[in-house]
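Paired with chain B in one complex and with chain C in the other, chain A is shared by the two complexes that follow.
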Partner chain A sequence: MSALGGPKQTVGVQPPTGMGLVVSIVLIVVALALAFYLVQMAGVLAVIGIIIGGVLIAFGVHFVPVGGAPAAMGQAPGIATGVAMLAAGAGLAGLFGGAWAAPFGLAVALAGGAVGGGLLMAITCTMVNVIYIFGMGIPAASGKVAKDPITGDTFPEYKSQGTEGHGLPFISWVGGVIGGALGGLGGTLIYLELLDIYQAQLPIILNTTVEQIAPVAVSLAGIFAVGMFLVNAVLAAYNITGTIEGPHDPKFKRFPRAVIAAAAASAVTGIFAIALLRLIGGF
Partner chain B sequence: MEEIVFGIGITALAGALATVAGAAEDVESDIGSQGDPNSQVQLAPQMGYIHRIFNKAVAGEPPAYGLWVALGAGLAWAFMAMQINPILAIVLGSALAVFVQGVYATTAYLGRTASLAKFGQPVYIDILKSMTTVTMAHAFVAIFTTVAMCHLMIGALGHPFPLPLLGLVWGIALGAAGSATGNPFYGKERQYQEQKFGAGVPISASGNIVRYAEAGQRNSLDNGFFSAKLGGPASGVCFGLIVFFELWRTVVFEELNVWGPVIVGVIVILIFAIIDRYIEVWARKNFGPYTAPEEASS
Partner chain C sequence: MSVKVEVGAGGIPHNQILIYGLVGSLVLIYLTYLNTITGTLYFSFFGGLAAVAALVWGTDTIKHLCSYGLGTGVPSAGMIALGSGVIAALFGATTGIFAPITTIIIAAIIGAVAGLMANNVVRMNIPVMVVSLIELAIVGAMTVLGLAAMACGTFEFLGMITGTTVILGFVVQTYEASLIGGSIVAVIFMLGAIAIQHSFNACLGPGEKQDRTLTLAAECGFLSMITVAIISFAFIGLLPGVVALLVSVIGWFYTYTKYIALSKRDAYAWLDAQPILEPKGGA
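Up next is the complex of A and B:
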């Protein structure tokens, strides 16, 4: 029992509850039905794309090594900031690249978004290690595993007394880049799906040309993509609760719950983004 | 060809602006104690250590900067729509956004510190008077450079996002890079100078921050001076590299092939992987395994 009561938190796999699964499936089905009612098959495909994007973001956040305030004092490994914040930073940098590459087609834009997010994390993680090593004189040591699964470096002898480890081991670096790439990919996918819907529907509703409507469509799709990004990143951060070292951390196994929650949340937010069209048409 | 050269020039300028933005952002957040080690400044009075350090953390650094930069960019955008010269518009927009930051800093300091009254922590009015303007000045530099950089991305490089949205995106990325890179240097090296160099801070030492400087009691201006030595510049280099590589790979290689920026991005990521691995191994070799500090024998 924790201090506040309730069941003890387990670090390993925490499967979603039956009730949660049923509610999520109902929400997703309702969202898909509404999408079909609003903009036929294109709407259904867009919601499916948004759900996949949201799931990618929530899953990606679990890879990002985040240590919060303890990391800022060399008390825990990871990057010294909040999970949602860092993942959002990386994913939005990906969205920036993906939106830029949008005219070249889905595949190039998605790859551009993924590489953009991965690149932000690669540079940030490297600079974090530069500060830990040259600014604070601390070598990387994980508190969760004895050996780096990639490089085989051992950690216990490098870990300072009274801490849970410190620095950013190579496995966490790799996790950060994967997380950033998945976030960028998911964010870009959401953006492109919404952009398609807006570019197809807005000219009909407002009786204008595609060129005239382009700035509105880009802005709406962009701001909704940013919003959905934050929804999914914060959701995943609640699932992680506090700090995580990366894919080798036992907390990583909690991701199935977040993935299902993200799918439901993305479906609901997605349908709002699409239903906005009707609202604009109503005026 | 001429277009690519122009693009590279804009990319370099955007990277330089981002470097200044990152450095100013980190120093600002360390003076205001807004980054992640802020919990120690909040915790210290509860452990019996009264201090004179500014403490304005209420939300995280990235969303706060997302707000300020988006606000500055939005106002600049509106001024430009009123046919005001872009440079003047960006200065005016950033200046107005900084007033919001100033209000935020004031209320956050008063609120956060007042909540510690039961532990005997006073609200120092002189700290409020002297520090708020300094954080505002640093915030102005960070906001102005980021908004100017976003304007370049749209005006010269043709990014499709409108200025306020781009401000939000890069504001959050700026806060994320600054809070990730610069904060550990302030958090561990500045707040816990009594701890042995080359080791993490034991959890039992939480809240036991260093409260005295070379000349009397430490305040947040000392922290700004300290952060400007390494944490700030490192955050600047981090954010500058991010912006530079994001733009450079697109501007230069998109002309050759639509997949060019993606391939170059992957190569750059691999190069950073090698650099990271090299410094990690360097640290293990040069610092060696942890040795417990010897107890002072009497």
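Up next is the complex of A and C:
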């Protein structure tokens, strides 16, 4: 959904301001230094993992075809809901997949997260086209490009008058699956990094066994991962402003801004998630 | 295709609501500390009331922010509020009696970073962005902390991760049957997120009135409180749970009746309809 009177962002790509870049770099460096001070090398690695996860989420969100309210009325291609909701759906599905696979090691868990997120987007994108084609009787056509970059299908002759296109062309479907996979991968990476730290530190702080504290570690890592996921997804949504068709959309080129913003935001939220350990039992 | 976000003029100034919301939620959440002082659990419901105060304030902030046209859906503001809020709330909870104050400070830091990133890196260029995201992060944090305090009777981290369970007649302390160990915090997260993002989204458009929107926010808050009151039976026992449930239901019923009355008032004013006058003494 876009609003009248809002900032004009469609013309050109405004690069980040100098101050914005400096603040981002300073925040990331400070977060890494604090992590080293608090939990030594494990903390630095965790914060780096969290930053990579946040960047993957923000980048992945740009692949997801979002149609918003216009898509619900068949006036724009994409899935008929907002960026944050779609990202949350894909990312949380991925997170659940990854969390389930966590005991099988990092590689399997990350793959599980990516497959979970990708699968959710694949099912959603397919169902969108089923509803468009069999329910509303309109073929999938993009309004941003004349030809599908993958299949070579042409769009203008299928695009209804007065619309920005409709349905989900194949390139948008592929974009959605890639976006879901990247989101799930990023969310799972954040979860696993936090889980490692909590499982290593909480038993020492609270003087318990790893098994006893496992529910707390899992739940804390999970809720922090969800929180960071939403912060990054919304920053990416602000970058997209409204609708995007997928990787072929001109708005896709804006992704570097969201990547920088997500890196800084993840570093700051990540350091609080880790610093929490130093305070438990201290008060 | 764009949807115009119209915000009704007039009503209580935003800064006044900010002060009421901030001070109100802080005082109300500290009232749950009466539990620790008196050694009972009857004062848990004050946490829920703190969440309601924060939600009313947050809804007005969303209204204030979205009047500039975000270019993305209203719910995304609610998602970033709770996403950054849950991190601040759980971090703040580890500081014992200072929890609510620490939570506010940490939430303000995370909100400021998100706001700076949104304005200077993503280039939203919205004048109130930084202030609004700080406010929203505090609202999200106070909502989570308030509802969590209502569910388990304390806003302290150790109280949130420890619970009791009965095994063969013996009361045993366990981490699994606790607010965080049982992942109840995820439920609280979503209850807060839905409450904060719904009200303005439902009321925006022509004829939006501040009192109606804010009444709906309070109603959503009490609705979340009802669910948390039911959850709290598991942690704070039967009688305090009944007290919390009664407060929630009475609050919900009052705000719901008021909201319906305000909706009728505004629908009548907007439709320019005339009431059908019954002839005196019957037809």
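By our rule, the second predicted complex is superposed on the first by the 268 of 283 C-alpha atoms of A that agree within 3 Å, B and C clash if a C-alpha of one lies under 4 Å from a C-alpha of the other, contacts with A are read in each partner's own complex, and residues count from 1 in each chain.
As a convention for this text, a contact is a pair of C-beta atoms (placed from the backbone, for glycine too) under 8 Å apart; a residue touches a chain by one contact, two chains touch by 3 or more.
For clarity, every value in this text was computed on a predicted model and none was experimentally measured.
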When chain B and chain C are modelled together on chain A, clash or fit: clash
Touched partner set for A:Thr269, first chain B, second chain C, both or neither: second
Touched partner set for A:Val26, first chain B, second chain C, both or neither: neither
Partner chain(s) touched by A:Val115 [first = chain B, second = chain C, both, neither]: first
First (chain B), second (chain C), both or neither touched by A:Ala69: both
Partner chain in contact with A:Ala146 - chain B first, chain C second, else both or neither: neither
Touching partner for A:Pro215 - first (chain B), second (chain C), both, neither: both
Which superposed partner A:Ile223 touches (first chain B, second chain C, both, neither): both
Chain B versus chain C as contact partner of A:Ile204, first or second or both or neither: neither
Touching both chain B and chain C, residues of chain A: 68-70, 73, 75, 82, 85, 88, 164, 215, 218-219, 222-223, 226
Chain B residues within the chain A interface of the complex: 35-40, 60-63, 159-162, 165-166, 168-170, 172-173, 175-177, 179-189, 191-192, 197-206, 230-231, 234-235, 237-238, 241-242, 245-246, 249-250, 258-259, 261-262, 265-266, 268-269, 272-273, 275-277, 279-280, 282-284, 287, 289-290, 292
Chain A - residues contacting chain C, complex: 1-7, 9, 14-17, 19-21, 23-24, 27, 68-70, 73, 75-76, 82-85, 88, 164, 208, 212-213, 215-216, 218-220, 222-224, 226-231, 233-235, 237-242, 257-258, 260-261, 264-265, 268-269, 272-273, 275-276, 279-283
Of all residues in chain A, those that touch chain B in their complex: 68-75, 79-82, 85-86, 88-90, 92-93, 95-97, 99-102, 104-105, 108, 111-112, 115-116, 118-120, 122-141, 151, 153, 157-167, 169-170, 173-174, 177, 214-215, 218-219, 222-223, 226
Chain A-touching residues of chain C, taken from the complex the two chains share: 1-5, 66, 68-77, 79-80, 82-88, 90-91, 94-98, 106, 109-110, 113-114, 116-126, 156-158, 161, 174-176, 178, 180-183, 185-186, 189
